[in-house]
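What follows are several structures.
Two complexes are shown next, each including subunit A; its partner changes from subunit B in the first to subunit C in the second.
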Partner chain A sequence: MLTTFKVHRYDSELGGKPTFQQYAVDLPEDATVLDGLFKIREELDGTLAFRASCNRGFCGECTLRINRGGRLACMTRVAATRTKEGEVTVEPTRFVRVLKDLVYDVDRQLWQKIKAVEPWLQPAAAEPNSEHVIPDAELRPIRNAMKCYYCGLCDEGCSVIPFDNTFLGPTALTKAYRFVADPRDGARAHRLRAVGEPRGMWDCVHCYEADEHCPRGIEPTARILDLREMAVSAGVKSGTTNPQVARHYDSFARSVRTSGWLDEGRLALETWGIRRALDLLPVAWRALRRGKLPIPYRHPKRHGAERIGKIFEKVERRTP
Partner chain B sequence: MPKHSVLIVGGGIAGMRAALAAKERGADVGLISKVHPLRTQGGTSQGGINAAVRDGDSAELHAADTVKGGDYLGEQSAVELLTGAARSAVVALDHWGVPFNRDPNGRLDARRLGGASRSRACFVDDMTGHAILQVLHEQLLKAGIATYQEWAVTNLLTEDGACIGAVALELASGRLDAFAANAVVLATGGCTRVYEPTSAAYGVTGDGVALAYRAGAALSDMEMVQFHSLGIKGSGMILTEALLGLGGYLINAAGERFVLQSAPTLGEQAPRDVVARAAEKEIARGPAEFVALDLRHLGGDELKRLELTGHIIKTQAGVDPATQTIPVRPVAHRTMGGVHVSTDGATGVAGLYAAGGCAGTGVHGANGLAGNWLLEALVFGERAGLAAAQRAPQPAKGVDAQLEDERRRIGSIVDRPVGSEKAGAIRSELGRLMRRHVGPVRTASGLRQAVNQVAELAARYQKAGIANKQQRFNYELAAFLELESLLTVGKVIVAAAGFREESRGAHYREDHLARDDARWLAHTVASFRPEGPAMTSKPVAIRRWKPEGRRY
Partner chain C sequence: MKVAFYPGCVSRGGCPELYPSAVKVAAELGLELEELTDVGCNGAGVLSREVSDPINARTLAKAEQRGLSTVMTICSTCTGVMGQASIRLREDTRYRERINREFLADEGLEYRGTVGVKHLLWILHEDYGVDRLKSAVKRPLRGLKVSPFYGCYIRRPEAIVEGKPQRKQYLERTIEAVGAEIVDFGGKGRCCGFPILSANETNSMAMVAAHTGDAKGRGADCMVTPCPLCHLNLDGGQPKAEAQKGAPIGLPILHLPQLLGLGLGFSPDDLQLRRHIVATQTVAAKVQLLS
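The block that comes next holds the complex of A and B.
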C-alpha cells in the first residue's frame, strides 16, 4: 500500500516557516501511522524527529494531528485514515510550541500545568494498617479520571487555551478533580480554593470541546463542572478565592430569589463592579444599536416570584 | 556536571520506586529517563498486581504458585521476600492513592490470573500499571526528586572497578554530560525489543543490561523469554490476559480448544509459557498463521469493564468480539533474566545496582506469572533504592577524562560514513531471527544458526553509520546506540539458550524435551568476554519447594 506522508518539518532553533515534506512510503495493509513514521526515519530520512513509546495506545507519547484530527499515531491505521488520494498529513497538535518537526514542548503545555495543581494525595488522616475501606462506587469516578494518558487532546480542543494559554486547561483540572473527589484526600478545601483562582476552573466556558476530543471518554468538561459544584456546595466564598465568581453567584441567586428571574444588567454590575462594568460599555452600545438592550431598563418581578423564593427557603432549610 | 548521591537510570515503576526509597533514606537522588516517566512500559500492565489479600490465601501459597510457575528455577529466598512484601507494597500504593477496585465490603478486590491457585491480583479496572505509574510519578513530584527526562545513558563511569556514575545524552540538545554518583541503580526495563514482533515499548532495548554486562556484571537466565499468547495481527500489540481469566478460549481452525491437550485442568488459565507454546505448536501445524481468541460465549458485562481492551479489539483487530473470533499469535513479551543481582539489587560491580525488568532477581525462574511483574518492580525497586542510599560517598575521580572518551566515541559514530548498511534493517533482521530461532520452540541447529547470524549482524553494525548529523533531537543516533544494546543482549540470549540443554518453563528445546533437574536446576550465568559470552551455571538454592512435575 503506497501512501504519501506529508510531514511537518520545523526547527525552532533555525526558525523560519514550517514546511511539509512528502515521503512515499510502502506499507502493509495493517500498518499504523506510527509504523509509517518509523519507516521514514529508518529508511528515508534519519533527521525526522517524533516521539513514540508504548505502541499500544496506552501512553499518549505519539499524540499528533493526523489528517486534521488529533490522534495517537500508534492506534491510527493508515488504511483507515488516508485520503482518497492516498495521503496522510502528520503535524504536531495545535496551540503548542514546536521544538522540532513533530516534537513539541509537552513540559510547558502539560507537565507544568499539572504540577500546578499539587498532583499528589495529601492523606486525610493517619493511615490505617491495611488498605482504606471504601465503597467501590466512591472510587469509580477517580478511576475514570485516571484513565487519562496525558495526550493533551482535550487541551488542544479547548476553546480558551488558544486565547489564553495560562488557563490551567482540562487536563490539569481533571487531575485536580481526581484528588478533590478522593475520599482519602484531606486537602479538599485548599484544592478547591486553588483551582478557583483566576486561570482556573471558572475560566472554563463549558463549550464541551474537551469532552468531544478526549479519546478516553473521561469528559473533562463534566469534571470541571463537578469541581465547580463542589466549590459551590462548600460555600462559594470559602470555596473560591476568585471574588468575581463569588459575586456572580451571589448576584445570580439574589436576583432569581427576589424577582423570579435573572437581572442580567445587575448581574454584570455586581459581578464586575462599576469600573470593570464601564469597560463593557462598547458591548452595551452595540447591543443597544441592534435592539437587544431595552430602554428604559426595567426588571419587574415575575408572576409567581414569591413561590420561587419559597423554593430557596426550602432548600436552605434542608442544607444547613 | 550534575552530582547526586544516588543516580537512578530509568523512570519506570522500578526506577521511581527506587528513587522514592533512596530519597526517604535521606539520599540526594537524581533520576534519568529516556522518556517521560508516565510514558514508560509498566503503564501497559493491565491485569494486576499479586498480593495475598483475600481470605484463604497466603504469602506461602503465592510463593508456591510462583515457584511452580517458574518451573522450579525460581530463587526461593527471593520469591519468599517478594510474596512476603506483597501485601504491604499494595497497601502502600493504596495509601498513595491508587484507586484499586473494591469488593462489596470496600476491601481490595482481586482477580485470578494465569498460574495462580487463588484470586490474587489486585487491580484497577484494566489499567493497573497505568494507575500505579501515575501515583508513583505524583510521589516523585511531591518528593521533589531531580529528574532528567529524555536523557539516554550511553555509558557508565567507573573507578577502580566500581561504578561512580554515568554518561548520558540529552536528546533535546545532543549534549553529553557526566552524572557523578556514589551509587547507580539501573532500572531500564527488559530487552524484549530484541524480538520482532514484540509487545514491548520502543525503549525496551536492554540498555541497562548491556551497560552492566560490559562493565563486568554477570547476566543470569537470559534464555528465559516469555511469549504472550494474545498478540494481535501485525505490530505485536497484545490483549490483556485477563480475557483468558474471564473464560476466553483459544481455538484452532477446527474449533478445538487445543490448550486443553497441554493443560487439561487449567486450560487457557495455565501459565503463559504453557499457553504460548501450545499456540505456537498449533500454528506450526499450519496452514493458518494465527489461532483464534474466542470471547463469543462470554457475557458482554464482563467485557465492558475492560473498556480499553474493547477499544483495541475494535480498532486494531477490527472485529466484534460478541460475534467474531480474534486472530492471535504468541509475541515476545518479557525477559525473566537480566543483570544477576542479590535481593538488595547489588550486581557484581561495586556501586552498581539493578531492579525491575533489567534485573535477574531470580523470582520468575523459567516463567514469570502474570501479576508478579509489577510486584517485582516495586518490591525490588524499593530494596535496591534503600541499599544504594547506604553506599559511602565516592570520590569522582577521572570523570572528566571518561566523559571526553565517551564524547570521542559518540562523535566517531556520528562521523562514520553512512555506507549501505541501515541500522533499521539490522534491527529488524535481528528481531526476526530471534523470533524464528530463539522463540517459544527452539532446536540445537536453529540456535547454532542464530549464533552465526547475530555475529554477522554485529559485524554489519560496525560498518553502519547514521545519516543524521544534527545535534538536536537526533533520534537516529539514539536508535543506533540502542541497537548496540540489542545486539549485545541478543548474543547472550542465544548463547544461554544453547547452553541450557533441557526444556524448562519458557525455554523449550525440541532436541532436549525433558526437564533435567540433575544437571539444570541451575541458573545460566553469562560474563562478558570480547570473543563472546562466557557461560557458567549456578545451582538454585532449593529451600522449601522441591521440584515436582508441573501439571496444570
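The block that comes next holds the complex of A and C.
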C-alpha cells in the first residue's frame, strides 16, 4: 500500500517557517501511522524526530494530529485514515511549542498544568505503620481516573484551550479529581478552592469533547462535573477571585427551588451584582428595544413549584 | 403524532420568540403537543445530578402518567440534560426505584422508565419523516445560505445520540429540506461559550466571534440553532463579541422553528424575527422576495 506521508518539519534551534515534507512509503495493509514514521526514519530520512515508546496504545507517548484529528499514531491504521488520494498528514497537536518536527514541549503543554494541581497524596492522618488498606468500594470511583497515561488527547479536543491555553484543561482537572476523591487525602477543601480559581474547573464549558477524545474511557468531562458537584457539596462554589461563579450557582438553584423554573433576569442581576450590572445596561437596552425583556418584568411561580422545592429540601436533609 | 411538550425556561424567558414559533410550526405540521405545565427546570447542567435527576424523573413520570412515550424539547441543553437523566433512570432500575421511593412516592407518582426525550429536530427526522417535511414546505427558501450550529448537548456525550450517528447531520438535512443552501463550517458542533458566560466572559465572547465570524466569512446569510442557550450567546452576545474582536460580524441567528416556519410559509413577523438582537432584516428581505 503506497502512501504519501506529509510530515511537519521544523527545528526550533534553526527557526524559520515550518514545512511539510512528503515521503512515499510502501507499507503492509495493517500498518499503523507509527509504523510509517519508523520506516521513514529508518529507510528514508534519519533526521526526522518524533516520540514513541510502547507501540501498543499503552503509554500515550505518540499523540499527534493525523489528518487533522488528534490520535495516537500507534493505534491509527494507515488504511483506515488515509485520504482518497492516499495521503496521511502528520503534525504535532495544536497550540504546542514545537521543538523539532513532531516533538513538542510536553512540559509546558501538560506537565506544568498537572503540577499545578499538586498531584501527590496529602494524607489526612499520620502514615500508618503497615499498609494503608482501603476497601475496594472506596477506591472504585477513582480507579478509572487513575488509568490516565497523560496522552493529552482530551486537551487536544478541548473547546476552551484553542481560545485560552492558560485553562488548566481536562487532563490536569481529571488529576485533581483523582486526589479530591481519594479517601486517604486530607487536602480536599484546599484542592477544591485551588481548582475553583479562574482558569480552573468553572472555566470548563462541559462540552463532552474530552470524553470523546479520551482513549482510556475515563470521561474527563464527567470527572470535571464530579469535581464541581463535590465543590458545591463542600460549600466551595468558587475561588477567591471569581465570586460571581458561586453567586450564579446560588441564584440558579434559588430560582428553581422557589418558582420551579429559571428566573433569568434575577440570575443576571444576582450573578453580577449591581455595579457590574450597570455594564450590562447596553445589553438590557437592546433586549428592551427588541421586546425580549417584558415590562413589567414578571416571573410567576410554575404550577407545582412547591414540589420542586421539596426535592431540594430532601436532598439537603440527606446530605450531611 | 402526539408528544409531551417540555418548552424549557429560555423559550419563554430570554428567547420569548422561540415558544410561539415552535407551537405554530408544530400545529402546521400536525404534531400534537401536550404541554407539561407543572414540571420544573431540568437543571441545565448547572444543578447537581442529585437534585436534577429527581426533578427530571418527576417530569418523565408526568408524561408517562398521561400515556405519552416521548417528551419533546426545543433546546439542545434540555435534550442533553433530560436525555442523560432518562438513560440513567431507564437502565439502572435500582436507582430509579430509589428516586421513586425518596422523591416521587409522596406525590403519588412513580416513574417506570418508559419515556424517551427527543428534540423537535430528532422527531422531524425519526418520527415525522424528512420527505413529509419536504412536502409540507410551501415556500422553498431558495438562495438563503444557512450555517448549522448544533449546541454540544444534542451531540455529546456519545450515549445521547443512542447509536444514531445520523443525528449529527439532521440540521444539514433540515436546511436542505426547506430548500435553503448549507454553508458548512468547522465550528458547527463546538461550544457556543454560553456555559462560561459568568466564569470567563472573555473566552465565551471569543467563541461567539470565532463561530459567527467563520460562518459569515464563508458566505452565510444566517445561522440556525436548535438551542436557545446557544442563541442567547450567538445572537445576544454578538455585539459584545464584535467589540472584543474589534470587527463587525452581523450574522442573524435563527431558532430551528423559525427556519422551519419560514419554509412553511409563515411571515418573519409571525415568527417574531424582530425580537432578535442581531438585525434579521436581510433574512426577512431575502425570504419575502421568494413569496
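Heads up, the rule we're going with is that the second predicted complex is superposed on the first by the 268 of 320 C-alpha atoms of A that agree within 3 Å, B and C clash if a C-alpha of one lies under 4 Å from a C-alpha of the other, contacts with A are read in each partner's own complex, and residues count from 1 in each chain.
What we mean here is this: a residue touches a chain if its C-beta (ideal position, glycine included) is under 8 Å from a C-beta of that chain, and two chains touch if they have at least 3 such contacts.
Please read these numbers as outputs of a predicted model, since none were measured by experiment.
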item	value
Which of subunit B and subunit C A:147 touches, first, second, both or neither	first
Touched partner set for A:208, first subunit B, second subunit C, both or neither	second
First, second, both or neither for A:294, with subunit B first and subunit C second	second
Contacts of A:50 with subunit B and subunit C, given as first, second, both or neither	first
Touching partner for A:31 - first (subunit B), second (subunit C), both, neither	first
Touching partner for A:242 - first (subunit B), second (subunit C), both, neither	second
Common interface positions of subunit A, toward subunit B and toward subunit C	none
List of subunit A residues in touch with subunit B within their complex	11, 13, 28, 30-32, 35, 38, 41-43, 45-61, 74-75, 77, 99-101, 103, 106-107, 111, 115, 119-121, 123, 127, 129-136, 139, 142-143, 146-147, 149-150, 179, 182, 184-185, 217
Touching residues (chain side subunit B, partner subunit A) in the complex	35-36, 38-41, 43-44, 53, 90-91, 94-97, 99-109, 124-125, 127, 130-131, 134-135, 138-139, 141-142, 149, 172, 199, 201-203, 233-238, 307-308, 311-312, 315-316, 422-425, 427, 466-468, 470, 472-476, 479
Sites on subunit A touched by subunit C in the complex	159-160, 163-164, 167, 198-199, 202-209, 211-212, 219, 221-222, 225, 228-229, 232-233, 242, 244-245, 248-249, 252-253, 256, 260-265, 271-272, 282-283, 286-287, 290-292, 294, 302-305, 307-308, 310-312, 314-315, 318-319
In the complex with subunit A, residue positions of subunit C that touch it	9-10, 13-17, 37-41, 43-51, 54-55, 58, 102-103, 106-107, 152-153, 156-158, 190-191, 193, 195-196, 198-200, 202-203, 206-207, 210, 236, 239-240, 272, 274-277
